[in-house]
Amino acid sequence: MSTTDTPVRLKAVAAPNQPDVTPALEALYRGFEQELLVPLWTEIGDLMPAHPRSRAVPHLWRWANLLRLAERAGDIVPVGRGGERRAIALANPALGGRPFATPTLWAAIQYLMPGEDAPEHRHTQHAFRFVVEGSGVWTVVGGSGETAVGDAVPMRRGDFLPQAGWNWHAHHNATSAPMAWIDGLDIPLQYLTESQFFQFGRERISEAERITPERSRSERLWGHPGLRPLSVGEVAPGSPLLAYKWEHTDAALDDQLLLEQEGYGGTVEPGHAAVRFSNPHDGTDVLPTIRAEFHRIARGAQTTPVRETGSSVYQVFDGSGTVHVGERTWSVTRGDLFVVPSWTPFSARSEAGTTDSDSGALDLFRFSDAPVFEALHLDRQETLR
Amino acid sequence: MSTTDTPVRLKAVAAPNQPDVTPALEALYRGFEQELLVPLWTEIGDLMPAHPRSRAVPHLWRWANLLRLAERAGDIVPVGRGGERRAIALANPALGGRPFATPTLWAAIQYLMPGEDAPEHRHTQHAFRFVVEGSGVWTVVGGSGETAVGDAVPMRRGDFLPQAGWNWHAHHNATSAPMAWIDGLDIPLQYLTESQFFQFGRERISEAERITPERSRSERLWGHPGLRPLSVGEVAPGSPLLAYKWEHTDAALDDQLLLEQEGYGGTVEPGHAAVRFSNPHDGTDVLPTIRAEFHRIARGAQTTPVRETGSSVYQVFDGSGTVHVGERTWSVTRGDLFVVPSWTPFSARSEAGTTDSDSGALDLFRFSDAPVFEALHLDRQETLR
Amino acid sequence: MSTTDTPVRLKAVAAPNQPDVTPALEALYRGFEQELLVPLWTEIGDLMPAHPRSRAVPHLWRWANLLRLAERAGDIVPVGRGGERRAIALANPALGGRPFATPTLWAAIQYLMPGEDAPEHRHTQHAFRFVVEGSGVWTVVGGSGETAVGDAVPMRRGDFLPQAGWNWHAHHNATSAPMAWIDGLDIPLQYLTESQFFQFGRERISEAERITPERSRSERLWGHPGLRPLSVGEVAPGSPLLAYKWEHTDAALDDQLLLEQEGYGGTVEPGHAAVRFSNPHDGTDVLPTIRAEFHRIARGAQTTPVRETGSSVYQVFDGSGTVHVGERTWSVTRGDLFVVPSWTPFSARSEAGTTDSDSGALDLFRFSDAPVFEALHLDRQETLR
Amino acid sequence: MSTTDTPVRLKAVAAPNQPDVTPALEALYRGFEQELLVPLWTEIGDLMPAHPRSRAVPHLWRWANLLRLAERAGDIVPVGRGGERRAIALANPALGGRPFATPTLWAAIQYLMPGEDAPEHRHTQHAFRFVVEGSGVWTVVGGSGETAVGDAVPMRRGDFLPQAGWNWHAHHNATSAPMAWIDGLDIPLQYLTESQFFQFGRERISEAERITPERSRSERLWGHPGLRPLSVGEVAPGSPLLAYKWEHTDAALDDQLLLEQEGYGGTVEPGHAAVRFSNPHDGTDVLPTIRAEFHRIARGAQTTPVRETGSSVYQVFDGSGTVHVGERTWSVTRGDLFVVPSWTPFSARSEAGTTDSDSGALDLFRFSDAPVFEALHLDRQETLR
């Protein structure tokens, strides 16, 4: 390999406590290049900063714009084998045009036209779906697996649907209206760590799988609070409960705010209720690499600024308010998505609507890579103020 | 200590491969006694059998008889500080008259008259309450603790209420009728291992604690399926959910039987649905030393005989049927209690009632010491046939 | 069952806050007896004390006496199938003449004559051997298992040899002198919990197993500090390392006392070095139900009194000193054994010997049931003063 | 933001099952660019391949070349605050000139001149040192921490020295000769996940820290096989044992090969001995994000090809042989370093030296990111043939 081809290119620099740039130093650096070596002393500031300095930046995507483009894609881009999904991903403006919302997280809007199927496949990437509006699509899970007939899981506004890696799944829109939702995955993490596997499944789901019951089989087995089915032995990583229905999430958040009003705590801080979607089998995060939470900020309340290692994506589920992410401040409303990069301070404030019927609460769905940091003992958190 | 006082008394025996009883052997055994020693070779058959041979025996207690005696006790034995509870315990006939249902488990009927309070205390023994009939009593938990006002937990037919060790608790009967329920504790285990602590609390609960809400605070925080409150940090051993309501248990069992009918499994074996009460924080058993389960055996179904290390106590919650415990067979009906000693085969069969309105299912509540055996890697199970 | 046969016998008592003994109360108690019931209110003081009050008492056994009786047994009691081992167990004077050193622990002196074999067997009881003097016996482990030829483990003064449950094992005395050592097992615990299984193995070990290498195979695989063999996959509960040699234990204790002298801590408290024998696979206790430790109390040092839930057995390995166990105080010397019941304060002081060559340290081997209490979250400890 | 500035640039493509490139499709893609969106269907092949396709490539660095450049750097590049270390990192030719051996691992040669100090610092990146030749440098650990005087850890050929994140550390060369060794860290992983913190410590170590004992304090506390010091309570993630001495590693590998010769297994496969450096506290990997192993391939033996998710760096410690990494084959000898990217088959064969005194074994030190994959349940392995 000649030096002109070498992928290593070093600039001789007079760094702090480093010698002046001499011909000898230049020659040394050319030697490094030749042998595919890079000295620590020129890179340490970037590689080993005093605290995380994210390559990602805070950014906001407006739901109205996303939805408009998704609708347009619905008109002209088909769904089928090869492309697999009509999903359009957030690309953090500082991550080189890659479809990465943050260095570890993928977030996309997915869109399915009436009667359409998204074909079956499976992959090691952990995934979930969250529905900010609409209903009528369901996800069929496990159809190519041991159980011949997949579990049809309906999707409705507010529902959270985790999909642990390596489970077969397909989508079907049974209604006469298109439907949009968001997908969250750990695609960037698995891309960076190079651990991903993928397999195609059936092109089409069966007729039996087109009849969607009110509740999925997973909910009937695992959806009763504190009760585990004795018929299930070993449980693979990731939640066996495939849908967390909005009615439960909503009630849990209301309960916390009421307990606070009654003087019994229950909230994270005044006016700030929050739940974590958890695996009923062992109480851990729903997915091995993704944490998912729901936060409700009561009318007029505001959260204490916090910064953490790891990154998050938020979607406004309801209400409106103001969010602060590092140096950025945005007014947000239903469906808007934004990212909070690693070690970037975040806080949110709800802003009462104009009508009395409005509860005035700001409801935020959040997902993050926190389980990765906790598993590797790299989690740190700092409360500001 | 003279030999006449010695607590060790040995009989010189001519065991297999052992010498005849000679004066020298007699002298040796007297020496053992003197020094408080016992040879293995005379005891090994009892101490190290080929498989567990329980000192306990299978036994059945009829609910009607228990209730009659509890009512009588209600008339003439007061509840108050010192005696603490009007609880009457099952005494396995082979355990020397001790109030031990099995070598590790305590089971008692507790009875509270209208308006009565059982005074507050706490103990390291893990406990639960299960309600086979009636309602109107509630348990106030934690009132002497950090939260000045205890959490009032209502008790109704079918509810399971775990009470992990070292939590303050009291009972109050708010109705105009007496109420009975069963208490399960690990009193014998803690007695044998000598780990028990006990403290008296307040004589009477406060006025604020006499107003019972529909749901306890613990249910409002922890009773939403798969949702954990972010406001709760460290969780002590034992479930933070203080009531597992019958409506959820009933629905979970029904769901399993329906899934089976639809061809999707879900049951332990044909016609046998079962759930385990579990800690929503980490999915483990509700109590560190006690497992609690609910089994529903559909009309005409019967369970496969199984034997396990460790002992269980069952109470018939509904329906009627026949149970086999080792060599014993009993026809059982609502409220009846029976014990299954260690390594004793158990099976049950439901028997349809005479009326069409009867579902015909046999509903069994069960608690056992299984978590002890699993924690110590001493659990074994054998399916017979 | 007539009342005269009933195993439950109750005395009507006028307890605190209890009614006078009336004919009605007498009749109630007779009813309880009939139905095999015992009220809590008469038993609560015994069953639920303010803190553990052990049924066991502190007691000391002199090694000289044990050894004398073991030698005598060596003369007249053969070792063979059925009796299995020439083991003579400590019987706590307050435990009804049962061969239980404490409510959960078995401790015995075992004795093997020149050329004798103790036949192969296995049992679920966890066991260890500790050698206070002598050498020449080895234990053959696993010979009836997957590996046809058992692992011959030599035993020498100071060695600790754990034997996790359900491993085949036999002993062989290859020398021309008898040898004694102590056995520790969880026989009482498994007797109380009724979890024990037992199987006979071969009558005699093979010729290949009579040749003892310097180090056992287990030491060659697992005895290198911090290095685990990649060839071993799943590891059963209990340490895969079958011998903890005295040279390592001695060096570790010396190192701690030297670190303390150099000003770097390392000891539990001044002059008190201590190590725990641990499972190299996962760092837990060597046996699932038994903790084993070695304590060295430097010349003139003394330990802080401590009390804990759970019981211990100590053997003096070297030196002499004074030990305090509850209200008892004993001067102890090499080989002496004593028990510390649950929640009984314990402390020890070394007493310098009369010769200069004596290090003056008191070396104590200790085993306890602490892993049981920790697994069940029942461990408590209190430092006194 | 105008489209000319946008970081997202999309090419309209006619993918499988995708529409022809029409003006409408072009317009849609311009809309995506404008809104910082990227469709899945154009990226799925790259992001979600059938199995990992590493961006890294297999590559070999010759020790002779590394050492020559390090010596040259020793002459002209000083060590001091700011640059911190005279470390020169391997830059995988396919990773854009970044000093990343693999996507997650950093490997560098570090070089210290006689009498030089590398200044104290600490960082969350987990690190280790491994010494392929020489001795005389030691690492001082913890000097700015609670213990005023750091623990001086000598470094000699064959020693492995883990350094868990956030511990203060410095290096000192006490001899009259320069010394080189390799550093392994998880710098790329923490760079990608953005979790890194860094702090400067003292410029110079104290006089007390310049006197190196034969063994570090950590070895005296934690280096005795199976023995844990009772004086140490909570242990932070990462091994408390700061040096794994060559004599132990060498003996463990020899023992495995001898056990194999005696017919008792012990090796991974015929002629292939291997140990994993493990945390004596809990048996896990020495570092939360890095696994370290030592493999000895006996004269003439060869390993079965295996591929795994995750990447490794190997250094030849002794002997010579041939290694196959994917499509590449290299003859390797002492000190040579090479990388095995994710899911790339690897095997090695030893080649006997020409002299009889040579053992003929190929000794390979290996480190990898396996703990990351196992913690996240992303580990997969496949044995080929």
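Each chain carries a letter (A, B, C and D) given by its place in the written order, and its residues are counted from 1.
The rule we apply is simple: contacts are C-beta pairs under 8 Å (C-beta built on N, C-alpha and C of every residue); 3 or more make two chains touch, one makes a residue touch a chain.
Keep in mind that what you see is a predicted model, and the values were worked out from it rather than measured.
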**Prompt:** What is the graph distance from chain A to chain C, where chains are linked when they touch?
**Reply:** 2
**Asked** In angstrom, rounded to a whole number, how far apart do the mean CA points of chain A and chain B lie?
**Response** 43
**Asked** Using mean CA coordinates as chain centres, what's the chain B-chain D distance in Å?
**Response** 53
**Asked** Using CA atom averages as chain centres, what separation in Å is found between chain B and chain C?
**Response** 30
**Prompt:** If each chain is a node and each touching pair an edge, is that a line, ring, star, complete or other?
**Reply:** ring
**Message:** On the basis of the stated criterion, which chains touch which? Give every pair.
**Reply:** A-B, A-D, B-C, C-D
**Asked** chain A touches which residues of chain D in the complex?
**Response** 1, 6-9, 15-19, 22, 24-25, 28, 31-32, 35-41, 43-44, 47-56, 59, 61, 65-66, 69, 72-73, 76-78, 80-99, 103-104, 108, 123-125, 165, 187, 189-199, 237, 288-289, 309-311, 341-343, 369, 371-373, 375-380
**Message:** Under the stated contact criterion, what part of chain A meets chain B in this complex?
**Reply:** 147, 149, 217, 220-231, 239, 241, 244, 248-249, 251-252, 255-256, 258-259, 264-268, 274-283, 286, 293
